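Next, two complexes with chain A in common: one pairs it with chain B, the other with chain C.
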Partner chain A sequence: MTLGLHLAVLAVLAALQLVLPPFHHGMVARVMVLAAYAIGYNLLLGYTGLMSLGHAIFFAAGMYGTGLTVHHGGFGVAAALVVGLAAALAVGAVVGVMTVRTAGPAFLIVTMMLAQAFYLATLHFNELTLGDQGFILPALEVTLAGRAFALADPAVKYNVALVVFGACLLASLGLVRSPVGRVLVALRENEERTRLLGYHTGRYRVLAVALSGLVSGLAGATYTLLFSYVGSTFAGVLYSIYPLLWTLLGGAGTTLGPLVGTLLMTYAIDVTSGITDAYLVIVGAALVLTILWAPAGVVGGLRARWARWLP
Partner chain B sequence: MTLSLERVQAAHGEVRVLHDVSLEVAPGQIVGLLGRNGAGKTTTLRTIMGLVRASAGRIVLDGVELARLPAHEVPRLGIGYVPQGRRLFPHLTVEENMTMGLLVRGAGADARRDVLDLFPALRDRLGQRAGTLSGGEQQMVAMARALCVRPAVLLLDEPTEGLMPTLVARLLDTLGALRARGVGILLVEQKVDAVLGVADRVVLIENGRTVRQATPAELAAEPELLLRHVGVRRR
Partner chain C sequence: MGPLAALTPLLETRGIGKRFGGLEAVTGVDLRLARGEVRALIGPNGAGKTTLVGLISGRLAPTTGRVLFAGRDVTRLGAADRVRLGIVYTFQITSIYRRLTVADNVAVAVQRRRLRRLADWLAPDARGLAREVEAALGVVGLAGVAAEPAGALPYGHQRLLEIAMALALQPALLILDEPTQGLAAAEIDALCRLVRDVAAGATVLLIEHNMAVVLELAGRITVMDRGRIIAEGPPREIEANPEVQRAYLGQPSATSS
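The block that comes next holds the complex of A and B.
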């Protein structure tokens, strides 16, 4: 039933492209890529119990790893994507090792400082990164079965975003149901107790941060390939806060929460910003009300009230 | 497997808590560890598990020195630990709590069945979140989870705390069943009568030192020992 629900969600997203008007077509493609980022964040916050305030470091590592190799090295899409993923995984492993002895507020602060250091590095090495201004990638194509597809094509963009999101969603579902996923949840519940059952908790924590970084980096790499832009904004603190809000709104520790949270918040900002300049006040109030109604987030609230089987 | 502690010392930071602790738990034997509050009973268990580092002495399980091992290695060698207050994973179900124990040493359906045979009441609770169970059921889950690791030696820290008398009696029966299966048990308990009723041997600890080892019959013959070292007068 659980797998069926997730496949049904992916089928709905696939079908939506046939009916959505052009603006929302692009919007939903963007939401899917950002939801993949939130899935990466959720692996750490929702399933391992570690709240990061520096996740932009992973998103940006994937983005810069991919973007720089295309921009300066002339790499193709596949090779650039591999470099982006390797960069995100490496950064994830390093951050995991550096934070292995921290928890709670200390983990939050250390991740924030590391992300700020990365952000400042993107500004400092501006000859390479073009700093705040960033750079635009040339038109890119992927070749499949001998046929070239332009990533700028809205249909290609939508379906690549869907494939990446689907892969992240199903991978996260598989992970949380696996023995490794169970250990991560046990870590969230009580780290000392988990160690006393015989688990090397430090190793699992590093693994969790590295996997979270890899998924977030995949989202960053995909974003840069589909939307053809790399800039230090994506390494800034706002892009560390966004996945936290999306995950909390949708439901931390639920596989579908990141999609729901990202979708709701992106559209809430889009709709309210068309009505007033003070749209963040309205979005903030809506967020507060939602969290008051469902402290565990939208999907978390549904799970608590009606569908306890939701993963 | 025999667990033995030889002249173990340990400290919390600058404060030495264990000065000289020696005891032995043989297979199929229940050893009670009795002492006043603050005597070092819980610290002894935490030192065996590697949560508090032994600064001197030896902790040996079947010839393997435990004192220098990281904490996560100790359960893998065959020591189960049920801490005071149970410390379950409250948001996981009973089944998931048990699975966490089963996965550690790759134990399968046999181990799960054996454990549920010891705690049949848990069969109806497998899908329930552990945090929503009664105190007695939570204690059963805590012990079941520790037993899923298939320990040769089980360390229990005040397992009867907060349980009503009928549940205490049932729990002590379970300890007897574990003894019959060859599991060695080190039992820390405040309820002196419960320990004397089930233990094969009792170790008295005072100010971080093991001061006397005796059988329950010997302690019954010398009630002043309990009064002096545990502060309990028995009739």
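The block that comes next holds the complex of A and C.
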């Protein structure tokens, strides 16, 4: 039933591309990539109980790892993606080790500072990264079964985003239902108890941060490949706050929450910014109301009321 | 196992001590537990009992002294590694995963023991795990509430769940920290039966204030006061010991003489 639901969600997303008008077609493609980022964030916040305010470091590690190798090294899509993933995994492991003894607010602050250091580094190494101005990637292609697909083509963009999102969604579902996921949830609920059941809790924390970083980095790498831009904005604090908001809105600790939250928030910003310049006020108010009514987020609220079986 | 193994104590502390700032909670304690015995650890509040078992389980690092388990020096091992050797601690203040189901609580414990190699983690035997969880809950009589959230259980059942999680680890040394605290009389009887069953396969170190429970279960009693062991022996001897009465019952020496 659970797997079926997730596959049905992916099928709906796949079918949507046939009916969506061009603007929304592009919008949903972008939402899917950002939702993959939120899935990475949710692994840590929702399933391990660690609230980070520095996830942009992972998103940007994937983005720069991929973007810089394309820009300076002339790498192809696959090779650049591998570099981006390796960069994100490495940064994730380092952040995990550096934060292993912090809990609660201390974890939040240390991750924020590390991300800020990374952000400043992207500005500092200006010749390499072109700082906050950033750089545009050349037209890229992927070859599949002997056919070349241009990533700039909207249909290709949509389906690449769908594949990446689907992979992240199913991987996160698999992880949280696995024995490792059970240990991570146990960490979230009661770290001391988990240690006294014989688990090396520090190692699991490092693993969780590294996996979360890997998924976030995959989203960053995909984003840069599909939208052909690399810039330090994506390493900034706003891109650390976004996945937190998306995850909380959709429901931390639910596998479908990140998609729901990212979709709602992206459209909320889009609709309200068409009405008024002060759109962030409306979005903020909507967020406050959601948290008041459904502190566990949209999917979390559904689960508490009607569907206890939701993962 | 060599012929000497039976003579080696399962657990031995040598001059173990713990200082918190200016407070010396435990001072130079030498404790030896033989394999298979049920030992009670008693003493007035603040005597250092929970600190001592914290040093044994590895939750606390000692200021002085060493801990040996089955002849091996485990002083430098962390709590998780000691659990893996078989030193299992149940919390004085019930520590369970309140938002998870009763079955999931036990599953976290069971899978730690079952999944030892990487291959076990990649292809876990979900059915075998569920069977063992059910069996572990059956032992403490909680099989009927397996799907309930643990935090919704009555207090006495939460204590039993805590013990079920400990038993699921198949301890060699089970440390029970005031297991009967807050339980009703019928629940205490059930718990005593459970501990006796456990003692058939494990060594038990029991911190307990309820003297009826101590006298019923323990083969030997160790008495602590102000961080030190002041007496040790079979229940009869301990009951009759005037120093113990003085420390434990808080009687001034004038009235006992």
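Simple rule for what comes next: the second predicted complex is superposed on the first by the 311 of 311 C-alpha atoms of A that agree within 3 Å, B and C clash if a C-alpha of one lies under 4 Å from a C-alpha of the other, contacts with A are read in each partner's own complex, and residues count from 1 in each chain.
Simple rule for what comes next: contacts are C-beta pairs under 8 Å (C-beta built on N, C-alpha and C of every residue); 3 or more make two chains touch, one makes a residue touch a chain.
It should be emphasised that the depicted structure is a prediction, and the values quoted were computed from it without experimental measurement.
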{"item": "Joint occupancy of chain A by chain B and chain C, clash or fit", "value": "clash"}
{"item": "First (chain B), second (chain C), both or neither touched by A:4", "value": "neither"}
{"item": "Chain B versus chain C as contact partner of A:190, first or second or both or neither", "value": "both"}
{"item": "Chain B versus chain C as contact partner of A:199, first or second or both or neither", "value": "both"}
{"item": "Touching partner for A:178 - first (chain B), second (chain C), both, neither", "value": "second"}
{"item": "Set of chain A residues, in rising order, touched by both chain B and chain C", "value": "179, 182-183, 185-186, 189-190, 192-201"}
{"item": "Residues of chain C touching chain A in the complex", "value": "57, 59, 78-81, 83-84, 88-89, 91, 95-100, 104, 107-109, 111-113, 115, 121, 124, 165, 169"}
{"item": "Footprint of chain B on chain A - complex, ascending", "value": "179, 182-183, 185-186, 189-190, 192-201"}
{"item": "Chain A partner contacts - residues on chain B that touch it in the complex", "value": "49, 51, 70-76, 81, 83, 87-92, 96, 99-101, 103-105, 145, 149"}
{"item": "Partner chain C, residues of chain A touching it in the complex", "value": "178-180, 182-183, 185-186, 189-190, 192-201"}
